[in-house]
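Both complexes below contain chain A, partnered by chain B and then by chain C.
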Partner chain A sequence: MGRYVVQRIALSAIVVLLSMAFLGVFAHLVPGDPVTVILGPRASEALSQTVRAEMDLDKPVPVQVWNFVVGALQGDLGNDFVSGLPVTTLLAASLPHTVILAVASLGLAVLLGVPLGVYAATRPNGWIDRITRVISVSLITLPAFVGGLFLLLIFAIGLGVLPAIGAGNFSDPVDYARRLILPTVALAATWIGYIARLVRTSMLEVLGQNYIRTARAVGLRDRVIFYKYALKNAIIPTVAVLGVGLGSLLGGAVFVEVIFSRPGLGTLIVDSITSRNFPIVRGATLVIALFFVLANLLADLSYGFLDPRIRVQGQSA
Partner chain B sequence: MAVEASPAPQASRLDGRTLPGAQVLREVARRPAGLFGLVVVVGLLVIVIFAPQLAPYEASAQRITDRLQGPSASHLLGTDELGRDLLSRLLFGTRIALGVAFPAVLVALVGGLIVGIIAGYLGGWVDKALVVVMDTVQAFPAVILALALLALLGPSLQNVVIVIAVSFAPGYARVARALVLSTKQNLYVDAERALGAGDGRIIGVHILPNIVAPLFILLAMDLPAAITVEAGLSFLGVGVQPPTPSWGVILADGFDRIRVTPWPVLTAGLTLMITTLGFTMLGETLRDVIDPRLAGIRRWNRG
Partner chain C sequence: MTNDDPQVQRLVSDLVARRIDRRQFVRLALALGVSLPVAGALLAACGGNVPATTGAVPASSGAGPTAAGAGPTATPAAPAVPAKLTLRLISDIANLDPAFYPASVDEAVSAGIYEGLVAWKPGTFEVVNQLAATFEPSADGLSYEFTLKEGIQWQKGYGEVTAEDVKFSYERIAGLTTPAIESPYKGDWSPHLKEVIVKDKLSGTIVLKEPFAALMRSTLPTPSGFILSKKAVEERGDKFATDPVGSGPYEFVSWTPKERAILKRFAEYSGAFAEYIGSPFPEIHFLPIENDSAADIGLETGEIDFGAVSVANIERFEGNPEFEVKTAPTLDYNWIGMNQEHPKLKDIRVRQAIRLAVDVPAMIDAAFEGRYMRANAIIPENMGLGYWADAPQYDRDVAAAKALLQEAGVSGLELSFTYTEETGSKVLAQIVQENLAEVGITVTLNIVDSAAFYELGKKLRERELFYVGFVTQPDPSWSFVWFTCSQIDIWNWQYWCGTEFDRLHFAALKEPDQAKRGEMYIEMQRLWDAQANVVWVSFPTNFYGHRTGIEPAITPHGRFLPHAFRVA
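Our next item is the complex of A and B:
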């Protein structure tokens, strides 16, 4: 187990360093003068000079990459072109809103998706199973921004029961929670369907195994068999995809934040692209990548923790 | 919709290459989910081809006196803030949706295929290096990577194709690599090599045919994701630009006036939903019919 953990962590660290280097050469990936690429053709000469110096674009490319990676490791992601504030300050202000949204959505998805999947698996091909399946597929294919717009239309504008705009303030937790509801549901919808489907499939697989038949033969009640014995094994694949899932969740969060005017990382990225404020785009992209890599790492590690067979494979590799 | 409940295909159907196209179609149409997908996709293709004949107005024809109307006999779905006919814009929008998604996914497939074959076939340090590169690109969620690339490239239809291709390519490379690795182990590959076949012949005759079919199934399943990403980027204003009638642009226009009229958001949203649902169901049914071994592989909804 120890070796597997170390291997996995080392690999993640390499990927993180490489993503930093990737973002370091980012402006050079597109043909043309990087300053023009970043600022667009209509930028003033003065601003071009500032940006060239600010981002080390007058130095050789390897030096730029080195400076960016070393700076990033020390928590320095450069400065905002417009306000001159450190990018990290802006990121720190946005990050909590995005993390809260992502965690709430993932929580809601697990809370609704798992029971739905278990229930569907206990009565396969019953009418509840059929309905669940249709709902799951529809939710899975529902783009987050379409779901968000529909929720906004129905609950905020049509019924007027929930606020449409802004994330609220941490000093007023009740208001903040109320403003979190619609974005959370919009973002979680895909995952409710996905988890329900995943849990159903792996439950059906587990329920066909011998130890379940034994448990039934011994006379255990269905409820105990389903929730105590079967679900424990059936949940493992779900844990594994949650890591990858966080990636699509963070992608979807961009849309949901824009639709509900939440001042999170997604809104920050989109606004910075529009205003061609490249250091912010780069910094926010890096932070999201860090979260994604970390989530994948945790999912993999907990996967190995939950399923001893993975650990053994890791050792032999 | 009964994707999982569909009867398991018989053993003789396991090999996708021996199953004739007509039979695949019949098998797909026999299942409710497949039939739904087929109807939606064929319908969309018909609209793509005959959009000018089907649409009652030009996509960008403005009649400012008719602005922001609800559904009526002359404008079946109403009009937008410039008096453009919503139904016509949605119909022409199919050309943008498919015209971006299809080339993007195809480029991703070809690029990923090349990288995957190189990595899987050569092995050794080349393989290790390429895997790390794929890991790095995939460290960025697809939408985020697409956004960051668009920040540099600038918004345009062509650039949307490029960024979708780049962010989807590692997925294909990974699957292609895995398939090459398992195909390479077959005895007949060793036999060919013993007979003096070169790398080109082994890849072209033995490896490619074995991995292309599964990759095309992935392509079918990736199309709805690509359509969603294009609409999403255009919705955010960093993708396809107005007045081009992309569904994302229509949603963005509708979002700006969502308190005045719900119709643009409602109709464009539903169009997008039905499209992704149809493509997903067709893709999943195709996968079940042609190659059930791939059942474990599911593409992520990247929206």
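Our next item is the complex of A and C:
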């Protein structure tokens, strides 16, 4: 198991390093002059040159990549060109909102999607299963920004029971939680459907296996069979998806953040791309990449705990 | 359903007795089949100042006056002041240093923090004293004597405003301090400013190298004329940009990027400009909301009190008695440009044909819901200087356009039309494509993102037709400067270098007689018009929605001044 863990961590470190190198290069792949965008029409040539030098854009590409990677490894992601604030400060302000939104959405998706999938699998092709399938597919095909707008129209404008914009403040947790409800539901909707479908399929496969038949033969109750024996194995593909899902939700929360006017990594990146504020784009993208890698690493490691066979394969590899 | 219907009468009674609020009243009235105008009239008949007591409207949102005992028979009381005024910014602030502010949103927030020697009287371009007790130009226009009002205090304990601060502020932005800074706004002062001489603690002289006619229009009353605390700037260094110190009625409290910026009333405010502003709000909160739909919803739910609304939703707000929409024309200008140095567009008859082939009113109708004012030249009337009232208006004439192309011996012309993703630009581009197809010109649409669109340099020479809009300051010089010869390969995308045009531009900057300046700018527009290298489209208008009960302050060029808002 120890070797398996080391292998996974080493692989993750390589992925992170490659991400950093790519992010260092990408400023040169995107058309548009960041200096013009940042300074506007009134900038003199002297000022443009100064800012270009501050942005490292006057240096050869390999030097820029090296500077970025070395800086990032030391925790220095550079400064926002416009405000002069360290990128880490901007990330620290945005990241918690996005992480909370992503985790809450994923939590809600698991909370509703798993039981829905299990329930559908216990009565395959029954009317509950059919309804669940229709609901699942409907939710999967519902883009977050469409769902978000509907939620806003119903709950914020129509009924006036929930706030429409902003994330609130951590000093007022109740208000913060109220402001989290609609964005969470909007972002989770697709995943509820997706997880329900995934769990149902996995459960059906597992329920057909010999050890489940044996369990039934010895007279174990359905609830015990489904949740204690079948789900533990059926959940492995879902855990793998959740690992990717967390990273995807971090990056994909942007539409929800825009619609609900919430601060977050998504809006930070989109605004920074528009203004070609590369240090912020690189820093925020790196954070998302780190979360992706971390979530996948945790998912990889969790297989070993969920399924001892994977542990054994890891040891023999 | 009539007004006399018992159910409607009951609703009115509930409203008067404050059992329901205005929002609930309107909703229930509509549900009973009462039309929106009638519901509005009933609301107005009830006094219109029933307090917003419940629902999604926060108590502090400024959702109208909250006078106790309001109702048909109550004595009118002074309107209550909400604890905070919440405003929408179309993007987040980034730098509140007047020497480096990147956008109009930073300017809006800064306007309450800083003051200048002089300022515009809110709602006008009339320049009045602000920090200055006296401000006198010399007869030759080369120097300006000033004396500061006594006892003006800096925020955050930085002491009294002095003439040394004035010297520092103006020389800093002009790049004359040591170490020198490179401000994008250097051109507001340089190369005109020679120095600021400090005579004593409160008085001094601004000395120019040459007369500078735009000084009182687009330098001193704008952020380039704000006075900063020398001590605060030197002490705070780069941090001054996000934790500024001024002498204005509001002081900076905090900024959470992408979330909120907060100002609070400056307790020791001198009242230097209180005669004109006197905003009663203890705090002003600025929320960056880039998405128009989100902003419209925020306004509707009472989470913001004021903000730009999308053109598509103006009617909805205008039809709602809880809101008002202010129309604020700007000085900005949009146009379709033609690169006259491009081989395909060198012949003036081709450019004239294009000018006659496009349907500008149709573009304004389709792209801006018909709400923007058509432009016939670069300077709008509200500039107050240089407006060319007799500018020719080129209405669509397909036959004349075809004749011009035939005369030029041009057929099967193919042109590219480059534009970026600004409001309405896609629809506008499609109309241009259709219009020009009718005269035999094939147009390829080329949409690029703004960073690529504004990539300057020799690559611009490849552009043929383009659609673009510029913003400007309240002086014609700021509209014209981008089209002078020195701006070729930078912002002069028409690639026209007019010697007389340039001469007039620089002469007008030194002309002290504003009437003569106006004539010079009109002449420049005549010269430009003769080149037929632009199709003027519109002067954009800002539309601000706000809750009734708030009286916003808006400049004649469409910017808002949060520190001058009042309770109606």
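Assume the second predicted complex is superposed on the first by the 286 of 317 C-alpha atoms of A that agree within 3 Å, B and C clash if a C-alpha of one lies under 4 Å from a C-alpha of the other, contacts with A are read in each partner's own complex, and residues count from 1 in each chain.
The rule we apply is simple: a residue touches a chain if its C-beta (ideal position, glycine included) is under 8 Å from a C-beta of that chain, and two chains touch if they have at least 3 such contacts.
Note that this is a predicted model, so its numbers are computed, not measured.
S.K.: Considering only touches as defined above, state whether A:47 meets chain B (first), chain C (second), both or neither.
M.R.: second
S.K.: For A:80, is the partner it touches chain B (first), chain C (second), both, or none of the two (neither)?
M.R.: In the superposition, A:80 contacts chain C only.
S.K.: Is A:252 in contact with chain B, with chain C, with both, or with neither (first, second, both, neither)?
M.R.: It touches chain B, and chain C stays clear.
S.K.: When the two structures are overlaid on chain A, which partner does A:157 contact: first (chain B), second (chain C), both, or neither?
M.R.: In the superposition, A:157 touches chain B and chain C alike.
S.K.: Given the superposition on chain A, which partner contacts more residues in chain A: chain B or chain C?
M.R.: The partner that reaches more residues of chain A in the superposed model: B.
S.K.: State whether A:274 touches chain B only (first), chain C only (second), both chains, or neither.
M.R.: Once the two structures are laid over each other on A, A:274 reaches both partners.
S.K.: Contact-wise, after the overlay, does A:149 reach chain B, chain C, both or neither (first, second, both, neither)?
M.R.: After superposition on chain A, A:149 lies in contact with both partners, chain B and chain C.
S.K.: Touch test for A:166: chain B only (first), chain C only (second), both, or neither?
M.R.: A:166 sits against chain C, while chain B stays out of touch.
S.K.: Show which residues of chain A both chain B and chain C reach, each in its own complex.
M.R.: Common to the two interfaces on chain A: residues 30, 37-38, 40, 149, 152, 157, 258-259, 274, 276.
S.K.: Hey, which residues of chain A end up touching chain C in the complex?
M.R.: Result: residues 30-34, 36-44, 46-47, 50, 80, 82-85, 90, 93-94, 149, 152, 156-157, 160-161, 163-167, 258-261, 263-264, 267-268, 271, 274-276 of chain A touch chain C.
S.K.: Can you tell me which positions in chain B touch chain A when the two form their complex?
M.R.: 1-5, 33, 132-133, 135-137, 139-145, 147-154, 224, 228, 231-232, 235-238, 251, 254-255, 258-259, 262, 265-266, 269, 272-273, 276-277, 280-281, 300-303
S.K.: Contact residues on chain A for chain B in the complex?
M.R.: Residues 11, 14-16, 18-19, 22-23, 26-27, 29-30, 37-38, 40, 124-125, 130, 133-134, 137-138, 140-146, 149-150, 152-153, 157-158, 190, 194, 197, 200-201, 244-245, 247-248, 250-252, 254-255, 258-259, 269-270, 272-274, 276, 278, 281-282, 285, 288-289, 292-293.
S.K.: Name, in rising order, each residue of chain C that touches chain A in their complex.
M.R.: Residue positions touching the partner: 23, 55-56, 91-92, 94-95, 102, 182-187, 238-239, 241-242, 256-260, 287-291, 293-295, 297-298, 300-301, 303-304, 448-457, 470, 482, 491.
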